[in-house]
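Look at the two complexes coming up: chain A is in both, with chain B in one and chain C in the other.
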Partner chain A sequence: MDNFIQIEGISKKYDNKYVIKDVSMSIPSGRIIGLLGDNGIGKTTLLKLLGNLQKPDKGEIRIDNTPVNQMKAKDIVYLLEPANIYDWMKIKEAIAFCNDFQADFDKEKALRICREFGLDPNAKITRLSKGNKEKVCLMLAFSRNAKLYLMDEPLGGIDPTLKKNIKKFILENIPTDATIIMATHLLKDLEVLFDQIIIITGAGKIIYVDTDAIRKTRNQSIDEYYSEVIENAASH
Partner chain B sequence: MDFRTNAPIYEQIATSIKEQIMSGSLHYGDKLPSVREYSLIYEVSALTVQRAVQQLDLEGIIQSKKGIGSFVLGNCKNNLESRMIGQQVDEFIEKMKKMGLTDEFIISKVKESLSNG
Partner chain C sequence: MLQVIKWEFVKQFHRLKWIFLFFAVILLFLTLLPASWFKPEKDGSSMILMLFSMILVFGTLGLSLYPMYNMISDFRRKTYTMERITGRSHIPVFFAKIIINLAIFFLANGLVYVGAIQMDKFSTETMRYFTFTLNKPYLAIILEMVLLYPAILLFCYMSASTNHYFRNHRTIGTLIGVAVVSMIGSFLHLSGPVYYVVGLIIGIILIIASGRMADQRFEQHVYNY
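Our next item is the complex of A and B:
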């Protein structure tokens, strides 16, 4: 579908400063999208607007033709920084909890991913390292079969082995018709995976482009293109 | 596969599949792996694979049948060989001409190299 996510004229201000200003765009389904921009520029805000965790000051977001504030939570997976809400649980309890409350949760898949990640289901989440907490979050998110995955820096504390296999892990574990929007600083590692990128350049502006189209027309890597865009934005 | 990140990924995948046909690891009539299988082999999105397959289809190298899969077409090995060789030769000549060499000089050098075996 060509307009799975329809963003119409949205604006969001903080302290009288625009994070997003009059932005309209259509995002098709089945895309893997990198969300890029400097720290604090508004990546998390955009993800929260898409996940209905914040409301725009102006404009509307529709997902699959439904206004985002009427979406059922089950259709959107929102993966924040290591979740503290499961902190008092053992991994297997968190899995049982998600399995009870999320209709699209696949318990078998969760246990398989635990094995792949070397996570002991009997371990208490609070005692895990940052990297392993992150793996728990990835495991819980990727054990669902949703249409939209919103991910905010899911790979910040990732270990080198998982980093090497992360593309395969993502591709193996999400439905091909799902859309992923992932805020990340690991552009060099992930640029080949991204079909498209969204760059938040500051002062409310957003660039949304197809990665292979950039490579074809500019003979540039996405990493080079991104650096150029950020430099230009800074000089204006 | 290591991709060059400054050229379209789907074109590099299309080239890789063409090379497999030329080297004989894919034959006339063979069914290509599915989009999902290729996606895991190359570690790229399904969309990128679809674009690569679409390009091969447009070039007449494979035929995609909806709901069934994609198949290597007959004669495409010969076509591919002449096309890819042509491309290599064109690139070589372009480089030589950029160096300011004349056609005669290039031809004589190629002949010399060939006769030296």
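Our next item is the complex of A and C:
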């Protein structure tokens, strides 16, 4: 579908300061999209607006032609941060919690991913290393079969081996028409993953571009292009 | 609904298990301690009994207030996302919390009652270290502590959190709301069966209204943009 996500004139402000201002764009389905920008620029807010965890002050977001505030949560995966998980939970309890409430959660797949990641389901999540906690969050997200996956800095503490194989892992574990929007600073590690990128340079200043176009027509890597955009934005 | 109740029970178990275990140990100690151990002329034993008494007083107070905290506990920044990714409506979750509140109320009551009996054996003609008396019918206390007060607090918290002016100051907004509701309540002089029926209906209406507000308008006001 060409307009899987339609963002129409959304604005969001905190304490009278706009973080997102009059943003409109259409995002097709079946793409992996990098969401880039400096710290505090509005990446998390945009993801939370898309995930219906925040409400826009103005404008509307439609996903698959349905206003996002009327979407069932089962259609959208919002990647948890390790801190969001209850302190007392073991991995198997987090799996049971998701399995009891998420209709599209696949428990067998969750246990398979645990084995692939070397995670013991009986381990208490708070006692895991930072990287393994992030693996638990990835496991909970990719054990679902949804249309949209929203991920905020998912790979900060992940080991280099998984980073190297992350594209294969993602493509093996999501439906073919699913869309992933991933906020990250690890551009060098992940640029091969992205079909498109969204760069936020300020409230209302958003660049949305195909990565192939950058590589072929501009003959630049995504990292080089991003640095150029940020430098230009800073000089204006 | 059964799944919702099950997970509410699991959450409360993990949150309160050490508190209840601590109380159980104190009560066991008081039960095993012979009444003859207390000697009025010994300052030390008197101090220890005062300490036990304080523990029981603050424990009673804390567990009485806990059902109110329980209603808003899912909206903490730390675990709000975990709750929201389930896609559940808040209304069944709130009713499950009321059921759990009832269980916690009875358990806490049982512990305090046993504590009062055990402390009573150390009483002297001039000193009682801990007593537990009710100034209202038991059913009224259950209605208020388990349903009505938690529902009022929840409604005020949700109203403040979804209000443009109070969403950044939701504690102040909640306290103002509770004060207003208390004032309105003080003008109503209901008693007997009417009180129970009206209290029950108001509690249920406030919970449903709060659930709708939470489903449609609540947002964690985050500062990590």
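Heads up, the rule we're going with is that the second predicted complex is superposed on the first by the 231 of 236 C-alpha atoms of A that agree within 3 Å, B and C clash if a C-alpha of one lies under 4 Å from a C-alpha of the other, contacts with A are read in each partner's own complex, and residues count from 1 in each chain.
Just so it is clear, contacts are C-beta pairs under 8 Å (C-beta built on N, C-alpha and C of every residue); 3 or more make two chains touch, one makes a residue touch a chain.
Predicted, not measured: the structure shown is a model, and the values here were computed from it.
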Chain A as common anchor, with chain B and chain C clashing or fitting: fit
Touching partner for A:Asp100 - first (chain B), second (chain C), both, neither: second
Partner chain in contact with A:Val19 - chain B first, chain C second, else both or neither: second
Partner chain in contact with A:Arg31 - chain B first, chain C second, else both or neither: first
First (chain B), second (chain C), both or neither touched by A:Asp212: first
Greater residue coverage of chain A in the superposed arrangement, chain B or chain C: C
First (chain B), second (chain C), both or neither touched by A:Asp120: neither
Partner chain(s) touched by A:Gly40 [first = chain B, second = chain C, both, neither]: second
Partner chain in contact with A:Glu228 - chain B first, chain C second, else both or neither: neither
Minimum distance between Cα atoms of chain B and chain C in the superposition (Å): 26
Touching both chain B and chain C, residues of chain A: none
Of all residues in chain A, those that touch chain B in their complex: 30-32, 167-168, 171-172, 176, 191-195, 211-213, 215-216, 219-224
Complex interface listing, chain A residues touching chain C: 14-15, 19, 40-45, 48, 53-55, 69, 72-74, 77-78, 80-81, 83-86, 88, 93, 97-98, 100-102
Partner chain A, residues of chain B touching it in the complex: 3, 5-11, 35-36, 39-40, 43-48, 51
Interfacial residue positions of chain C with respect to chain A in the complex: 3, 6-7, 10-11, 14, 78-82, 84-88, 168, 216-217, 219-225
